[in-house]
Every structure is written in C-alpha cells, then in structure tokens.
Amino acid sequence: MATKAKIGVLGASGYTGGELVRLLLRHPRAEIVLLTAERSAGKAMRDVFPQFSPYQLPTLVAIEGLNWAAAALDVAFCALPHATTQKVLMMLMAQSPHTKVIDLSADFRLHDTAAYAKWYGHEHHAPALQKEAVYGLTEIHRRAIRQARLIANPGCYTSCAELPLIPLIKAKAIELSEIVIDAKSGMTGAGRAAKESMLFSEVSEGFNAYGVGKHRHMAELDQEFSIAAGRDVMVTFTPHLVPMNRGILSTIYVRGVAGKTPEELHAILAETYANEPFVHVLPFGQTPQTRHVRGSNMTFIGVAKDRVPGRAIVISALDNLVKGASGQAVQNMNVMLGEPETAGLL
Amino acid sequence: MATKAKIGVLGASGYTGGELVRLLLRHPRAEIVLLTAERSAGKAMRDVFPQFSPYQLPTLVAIEGLNWAAAALDVAFCALPHATTQKVLMMLMAQSPHTKVIDLSADFRLHDTAAYAKWYGHEHHAPALQKEAVYGLTEIHRRAIRQARLIANPGCYTSCAELPLIPLIKAKAIELSEIVIDAKSGMTGAGRAAKESMLFSEVSEGFNAYGVGKHRHMAELDQEFSIAAGRDVMVTFTPHLVPMNRGILSTIYVRGVAGKTPEELHAILAETYANEPFVHVLPFGQTPQTRHVRGSNMTFIGVAKDRVPGRAIVISALDNLVKGASGQAVQNMNVMLGEPETAGLL
Amino acid sequence: MATKAKIGVLGASGYTGGELVRLLLRHPRAEIVLLTAERSAGKAMRDVFPQFSPYQLPTLVAIEGLNWAAAALDVAFCALPHATTQKVLMMLMAQSPHTKVIDLSADFRLHDTAAYAKWYGHEHHAPALQKEAVYGLTEIHRRAIRQARLIANPGCYTSCAELPLIPLIKAKAIELSEIVIDAKSGMTGAGRAAKESMLFSEVSEGFNAYGVGKHRHMAELDQEFSIAAGRDVMVTFTPHLVPMNRGILSTIYVRGVAGKTPEELHAILAETYANEPFVHVLPFGQTPQTRHVRGSNMTFIGVAKDRVPGRAIVISALDNLVKGASGQAVQNMNVMLGEPETAGLL
Amino acid sequence: MATKAKIGVLGASGYTGGELVRLLLRHPRAEIVLLTAERSAGKAMRDVFPQFSPYQLPTLVAIEGLNWAAAALDVAFCALPHATTQKVLMMLMAQSPHTKVIDLSADFRLHDTAAYAKWYGHEHHAPALQKEAVYGLTEIHRRAIRQARLIANPGCYTSCAELPLIPLIKAKAIELSEIVIDAKSGMTGAGRAAKESMLFSEVSEGFNAYGVGKHRHMAELDQEFSIAAGRDVMVTFTPHLVPMNRGILSTIYVRGVAGKTPEELHAILAETYANEPFVHVLPFGQTPQTRHVRGSNMTFIGVAKDRVPGRAIVISALDNLVKGASGQAVQNMNVMLGEPETAGLL
C-alpha cells in the first residue's frame, strides 16, 4: 500500500498501549491518528509516558462521544479492560465497518459462549462478534487472520505455551494427559493498575505463584489445544510472578507417545518453525532465557531430555509486552494489511 | 523492670508497623497486647504479613471505640497517617495519661506551630501536645527522651542527615551556607499505599529525584540544624528513589571553616560517636553502603576528602525501616523504660 | 550446658559462612573462636562483610597449619568448596575426635560411594567418613542427628523439595512416577565466586532455567526419596534462577494414588508438621511466597487442588541461606548439643 | 552515500560492543563486516549474546594477525580495554589510513599528555594520535567531528554532566567554584568483567558511592569545563551505583552568578538545545527519570529552583549504553559519513 494506514490506539495509557505506540512510531506504514485514555483524557501522551516527549502524537481523548465513522480508522488497536471492550467494539464496528480491529483484551479469545460465561461469570455482550473473531496467534492461524475483520490477540501466557505445544499436539507426539506448564512472568503482565500486591516493596526480592489451579488463561489453552488435538485437552498450568519488568518463561513437562524421543520432539518444532521470522528453535539441549528476547518480538524455544526416560522438558521465552501483546498485534496488522510480516518489528 | 511492658502498635498493617512487630517479638521485655488497622480490622496479623504466621499475636482491631484507659498500655507506638495521628493521640493521652507514646508520623516533629502550618497547610489539631513532644533522635536528645511522655520519632531522611551533620554544626566546623544533602532511599520509605508511581513496573530499572526543592523533611532539618547552630540554617536537600526495598544513603557535601580539614571533621564524628552502640564511624576515607546496615539499627558514617581543597564528602547509611523508623522507636522505648538501650535491637 | 560452646566456622568469607556468623552472634550458647578464609586470611571479618564492623570477631586465618587438637572446638561448621572439604575434615576429625562437625558442602550427603563417584566424577577421598555422616534434615532424621559426630547439611533445593514430599512418599499417598519439581532460587544459592553469568547486569531483569535434566542435587533427592519409599524413585527436577538475593520456591506437581485427594495430601502434611517449630503448613488452598520466609529458618508449605482431577500442586518456600543452609546447620547444632532446637533461630 | 559503509566492531563481546551491534543491525547504511573478541575468538556472536541468534553476523575473530589494509573498513568502532586500545589503533590507522575510527575507551579523551600520565599512571603509547583525536560529544564539537579521522567517544558520566553544564559555563551563568555533581549509574556502566563486587548478590538491594574524590572521569570533566570557561575549573563529582542495568542520572547543584535565576539557567539550556534531536529540555521545574530514556539515544535535562536563594538543581538523565556510549558513537559515525545524524537511532 502506498499511503500510510490511519491507526487508533484505544487505551493508550497502559503498558500494552504504550508499547503499541513505541512500535508503531517506527513502523514505515503506520500513522497514529487517535489515542484514547479515560482518566488521562486531555493530557498529552508525554504526560503519561515521558519517554515520548520528543515525538508528535495526538492528544489523549475519551472514547465517549467519538464518531467512529468520521474517525475512519484503517486499524484500531484495542487495549481496554475486559467487558468495556465488548461494548466499545460493538459500536465501533457498527459505525465503521471497514475498520480492522485488533483487540488485546481477553474478550474475544473464546469461541464458545458457554466457556466464556463460565470463566468470566456473565453472558457475552457481543456474541455475534465473538463468533466472528479470529484467534490471533499468527504462526498458527495466519490464513484466517489474513481475511479477518476482528482479531482476538492471544494472552501472553498462552502464546508462550501454545507456540511450543500446538505443533507437538498436532503431530500426536506427546501424552495429552501429562502436560504440565509451569509459567513465570514479569510484572508488566499484571498491568498498570495501582494495587498493593504490585507495589515495588511487595514484589522486589520475592517470588510466588498465583491463581493456582484457576487462572483464566486456562480457558484459552483448553480451546487451542483441543482444536489442535481434535479432542478435549486439559493441562496443568501454574503462573508465577518474577521480580522483573518484562518476560515470560514457560517450563513445560511432556512425555513422548509411542517411544517418541526428546530429539524427535525437537525435530518437529525445528521443522515447523524453520521459516518463521519470530520463532527461533535453539539447538537440542539448549534452553532460552527471558533476557534474550527482551524488547523483541521473538519467541525462543528449547527442548532438553529429562533424565526420567521418555520425558522431555520444553522451555519457551518471549517478551510479554511484545510477542505476548503489542508486537503480536502489529504482526497481525501486517498480515491483515498485506505488509511484510516483519515491518516495524525488527 | 521485672514484668513485661504492655505494648500497643497503632497502624500495624503498614511497613513501619510490621517492622515494629518484628522487632518487638524478639524484645525480652515487650508484650504486644494491641494491634490496630483500619481497613484490615478483624483480620489476623498473618493475613496482612504472612511471615508472622508462626507467631501468636492479637487480632487487628479498629481504633474507633477503643477504651484507652481500659487498654492500660505501658507504651503505644503510633504508625498512623499524618493528621489522623493528632486526633487519636489527643484522645489516647487524655484517657490514659500514664501511657508513654512514640509517634512515628511527622505530626509532632516540628516544635513551631507556624512552621507546621506552613509545611502542612493547616493549623495543628493538638498544639499542646506539639509543645510537649520530644524529638526522638536518641543520640542527640537522650536526656529529654528519658523524661518524655510523647516522642516524635524522626523521619528517615532526617535521621540519616542529622546524625553526621549535627556534631559538625555544633562544633562550628563547617560552612552553614554550603551544605548540600543528596539523599537516596529505598521504596519502603514511601509507604504501603497503592499508587501507580510505586508499582514494581514503574520503579524497577529506574532512578529519579522527587520533591526537588520542596520535600517536607526540610522543615525537620531546618529545626534541628538551627538548634545545633544557634541560628537559622537552611540546607539544600534532594531526595531520590532507588529500586530497592530498604536503605537510605546520604551523600553530603560540606566545606570546612577556618581551615578545618576533612580529617578533622572525621575526628569530630569519630569522637562524638565513640561509645554509641548504633552509630559507627568508618576509618577516614572509607564510605558505607546501604547493604551493610540492612535489617539492623546501625548508622554507618564515612568521611572522605574531596579533591576540591577545603571540601569534604560525608556519607551516611541506615535502614529506613529500622534506624529510620521502627528500630529508632524501640531504642526510644528502651530509654523511656530504663531498659538497656540495645535490648531487642542486636 | 552452662558454658558456651567453642565454635569454628571454616570458610567464613562466603555467603553461607557470613550467614552462620550472623546467626551465631545472637545465639546464647555459642562463642565464635575460629574463622577461616583462604584468600582473605589475615583480614578482619569486617573487611569481607562490613556489616560485622560493630562486632568483635576473630581475625580470619588460613586452614593450612592449624592444629585442630589445640583448637579444641566443640563444633566446627564447614562451608568449604567441594572436595577440599573431604581433605580438611579427615584431618580435623582425626586430630580432634571429640569435635562435632556440621558440613555445609555436598561432600558427605550421598551414602553410596558409587553414586558419589558417578555424580562428582571421582572417588571419594574419605569413604569412612562418608559412611559415618548423617544427612542433616532435622525434621526427618532428628534421632540420628542427636548421636552424630558428622552431619551432612542438606542442599537448599533438596530441603525445599524433601520437606513436603517425604511425608507424602512415606504415606504412599502419591504416584512415584509422576513427580515434577519445578524449583526457583535466588542468586545467593549460586555462591560468591566471581562468574560472568552471575553479574548483576547478566541476572537482573531476567529469568532462566539451568542444569536442565542434570543438576547434582538430583542425587540427593534420589537417595532420600528412595529411602522414604523403600524402593528406587527418580523425579523430574528443574532449577531456575530468580533475580533476587534470597529464597527458594518449589512448585511440585503430584498425583494422588488410589483416590487420595489434594485435601488428604494436605492433611498428611499438616499432621506431620503440627509440632515442628520451623515448618508451617498453610491452610488448604493457600500457597507461600519467598518473602514470607526471608531471613528466617521457616519453611512454608501450601497445597492446592489442580483442576486436572486427581492432581495436586504443592508449593514450598524457604530462605536458601537460612533453612536451606546456615539456619539448618545451627538447628542441627542445637540438636547435637542438647540445646532447645530453636535457640538463636527465632 | 549509495552503498553501505563497511563496519568493524573491535571488542564485540562486551556490553558496549553488543549494544553497537544492536544499533548497527538496524542502521540503513551500515554493514557489519568484522567483529573481534579475544577470549571468544572463533565463537559466533550468538554464543556470547544469544539475543542475536536470529541474525547473520560475522564470526568473532582475534585482532592478532588481522590485516587492516585488506579489511578496508570504512568505520572501526573500538570498544577495547584501556591501553590495549592505543596499540591496536596505532597499527590500524597506520595500515589503513582512510578508515575512520571511533574509540569508546578513555584512551584518547585527554588532549594533555601530562594529564593523561597523571591519571593513568604511565606515558601515552600513541601521543601523535592523542593530539589528533577529537572529543566526540556531538552537540558540543560537531564541526570538528565532521572532519575527524579519530574520535574519542566521551565517557557516560561525563556526557551526562557536560551536556547540561557546558552551555551554562560558556554563558558565564554559574559560579565555577560551587559546582557539585552527584551522579548515579546502572551497573552496565561498570562493564562485563567478572568481579565479586559486581555480582547480583552484592549489588541487588543496595546502593553505594565509589571512587569518592578520585574517579578518572574527573580529568575529562576538568578538560571540557576548562575549555568552556576559558580558565581552569575543578568540580566536585561523586559517582554511585544503582541496582539497575542501564541509566545514569546526575543531580547537579549550581549557584547563579550576578543574580542569574534558575529560570534564566533553564532558558539558556532550552535555547541551546531547541533543535537538537537527542537532547530534550523539560519544562521548568520538571525533572527526568532514567526510565524515560532507557534504550534510546536521548538526554533529558530538567532545571528546578532550590529553596536556598540563588541556587538551582539541574538533573540530567541518559542511557549509559546508548547516549553514554554506543548510540553516541553511531551519532558520531553519522556525522563523519555525512548521513542524517539520527539514522539508525530513532
């Protein structure tokens, strides 16, 4: 496309919103024309993120009262809280049907209205859009993303677990009943809301699990793993908080089926991702660190042999704000617009 | 004293309150009989600080409705917010006049009602108590503390600056017009209230000054330095936040008067504190680190020669939650009760 | 005992050595009479750990040339590197047979000379002592520790996994073939040697696994779990490094046998540790954080239900330098000397 | 220029070397053709910095035996240790006179051979080159840089202090005898060599000054401030280490001369830097944080009024690895090659 796409970022004052702006500023085909933020409406972006002081950016506005038809966005990134999102996007997509929407909340990730109601405690407010939405893990659903009008950008934990596991499940290479995902995330994954449990003095010099046995990302994992397997899959998943800003590392314990060795599991992943620009499979036996992907849109995956015969340890790492959120969203935008998939992301 | 003192901690759910409980639990003469917390009333202490799970402690109660005469506390530590403190202590000290009170807020630190009104924006609610209160920097005001009924425990920044500077000022050894205090504090100094600016993701991997030119601790510094000098003193003071939990380090720039050398300044401090258990002056030229005093009630002080002739660099370090707050408070309690000053603090 | 025990700390300049000194300084029955350090011989303890500046401590000396008979130690804590330990302790225990020795290295933890040779790559230099040594996890081997002359203090990772798992294994309550231990440790666990991989700039803001499939602590786990089970047990164990100083948290995935529910597993642990001063089992469904045990000799254990039927998630946390090393060592000393087990540790 | 410049990075395995590679990879006119590293010679760049795994880069080679004429580099960045640098660059510049050299060590920053000998303890090995070298703070010496063959890239601390102070000194707006620079740096500023004092467990949760009264960067400050003032200037400068990876913040205390107000000092800086892409002066009274410049080539400067009459507090912040080292070096390359100064740096 010759001209630049007109971009809006809804919810620009949070961490994923700020990261979207950072990435879009260096994208050759993107022009940011709209930034929204409720409590900070009227402020400049530099007031909520002083690192943007050197750049010209639209003033933050409230969503209430916006005319989406007049805004005529080519692409809207939506980084609003759960539930609010459904209402805003129903209106936006009704008023401006040609706008492509990439939603970074959890609102449209589950296809099944019953699963949604169970995990979120209420009926979905926009069930028609829920059906239409495409789950935006590019490497897995690229073809559908290309045609989509509404993308449900995946969760950070789920991306980190799905990229290594879906190819193994599709290949029927691992026991579905013995998958254990032990995940560890930096603090930006928990958002920018002021809560006591997220204060520096509560977090620094400490480590803990949370949501043990009942984290909402499980519903996403169930959905995508079941699609890949062709039957219901339920995995064990425990998230933990690491005293660092960015990064997720998942340590995944699997058992090969029918004598599949760790080396064979590694070969499946290496082949699957051989030509993917944003997934890098390390040599067998090497495992990644979060610092190797910090600030980038990469996912690093390693596979090692467990000493317990037949078992393998798969470790994946990504930056929760980039491949786990805003970078993944820009990658999806590139696919939707027919741009090179890596534009603005290297 | 043969029996244990009956102790109350008002505001036990904050960081200084929790630190008081930690110190009092191992004090041979203290028995904690009352713990208050407003929002957490009805909870166990282990619910707000799980590290106390192994210990028997009173359930947290609200202050509203307490009968101070019936409580019959020997000592009340008050770690309540500014302004609330004045109202609570007026009532407590009226109902239970024999209770000794050690207040950790800023409410009673300033003797001058006009200075108080200027810095805090309103008249003091308990001016009589304000007059009565003794400023509780033990090494400087030990004699008055011994007789006092109400102690205003000093601020963490101010303690860290006053311990090295007051002896130099008293000795008329430094230029009063050229004192620069560049102070750096860990995050617990900012309290446990949930604010965006104190989130891990806002604080980690960053460093900044705040309150530049107008921090309230300046009023305390003015008061104590002016008393020491016998005339008005106004210093330059800039606080900074360090991405760590505990610790304050002050880098203090001074110029010797009348040819006083850095070595002579060092000698004044070394002599002043030679027999103090909680102030340690390092050999000339060595400077302290916050980690050397972490968790202890010590203040370490170092003096080094600046390359600019006539100038010295004085560096002091203490743990803001111990010598800068709760340890200092227990030290004051020991003095008030006639216990060994180091009881429970080594 | 009326008089104080004469204590030596071999290897006092490392983190576990420093932590031993910190704990022994406040122990009512311990007198530190000997401190050794090879590269720092001749220095004061305050030169390697300035936090000890206020205390009187023996000057650091080299081991070479010490006369152990003349030293006449009641207790020697040995925090020397692997292999060196064997040679030093052979000589010490030959020259001074009445000295009780608590070794914090890995040298005497494995009873089986063949297992030792396999994991450490050479024959044991003191096979007779290897046979004599008692594995020093107090809660599990208290009776044998009481009689022992040589204690092999357990590893930090292993303590954190054995305390929750051994009672479950002894009770035949969990599937032995499906135990997964995902362990996370602060950096002091890796020692004080200067290595690039342990620099602040390499560690901060990052997270990674290491020793995947082949960490030496596995041999200790095998030994103790096999003793508890009465047959060979081999578990999956992956250690990770957390950007913090202190603390280990183990997330342990187990499956109940014969319909044992997570609640029943919790009941076994709660009953086992009901009267233990240093192991605290949280209410069912609650899980611990490393910050709750920082600086203390406590182990906190939580048990939660996994959503996968029949599976439970057990999480344990301890301070690697205290219950995982030096505090555990002092606890063993108390048992060996007939002192109250909690002396100096509360 | 139409084709890409052939670039070599000498010393590519350290932090500044790695940062140079990160920046050059996204520079539209740069092609990395040579990477050297002594201890890691023969390895791939991905072995020392796994984050480069997705990129094609030359294998690391040793400098010994390289033929500089044959290498025919357009630009050589030199990130070698002090002293080694002098010898390598003498040979390189003799064999390949047309290669433009940007040196990131301290070796060529001082023009005065006597000052060099005093601060570094030995005669300079390449005095002719020392005379020829241009001090590479672009905003101050842009014209000379454009013509230069050898650039001495400034130190990180010095850049952070010189950018705010040189314009004030040139304008004769501040007292030269009362300048105090209290500087705080993240740990990457101290390099990647394995030293005990730089271990995570020594640094985390702590803060300290170092080099008090005698840091080598003082010589650079003296030189540049004296040039700006037209007479000898000697300032007070104290560096500190912050437990974070990146960033320097300098808190600078100055007194206006002849009634110059803080507002007037601010105006001088705002005007000086109005059109500079990499120096941003905040509105009067606002002060910067290191996190606002992390990862970017920006310097943020704030000026606030001190409450002591006549004094101002100037605070500057930059990323020590970017504007304080590698980004500054690329900026200089752009100037030397006639490229847009911001190429590869936004």
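Lettered A, B, C and D in written order, each chain numbered from 1.
The working rule: a residue touches a chain if its C-beta (ideal position, glycine included) is under 8 Å from a C-beta of that chain, and two chains touch if they have at least 3 such contacts.
Quantities reported herein were computed from a predicted structural model and do not represent experimental measurements.
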Repeat of the B-C interface, chosen from A-B, A-D or A-C (over half of contact pairs identical by residue number): A-D
Of A-D and B-D, whichever chain pair has more C-beta contact pairs: B-D
CA centroid of chain C to CA centroid of chain D, Å: 46
Centroid spacing, where centroids are CA-atom means, of chain A and chain D in whole angstrom: 37
Centre-of-Cα separation between chain D and chain B, whole angstrom: 40
For chain B, residues that touch 2 or more chains besides their own: 186, 202, 204-205, 243-245, 288-289, 291, 294
Chain B partner contacts - residues on chain A that touch it in the complex: 15, 186-188, 190, 192-196, 198-205, 243-245
For the chain B and chain D complex, residues of the former touching the latter: 178, 180, 182, 184, 186, 202, 204-209, 212-214, 218, 234-236, 238, 240, 242-247, 249, 251, 253, 287-291, 294, 304-308, 311, 313, 315, 317
Residues of chain C that touch chain B when the two form their complex: 26, 50-51, 53-54, 204-205, 277, 280, 282, 288-289, 291-296, 298, 300, 346
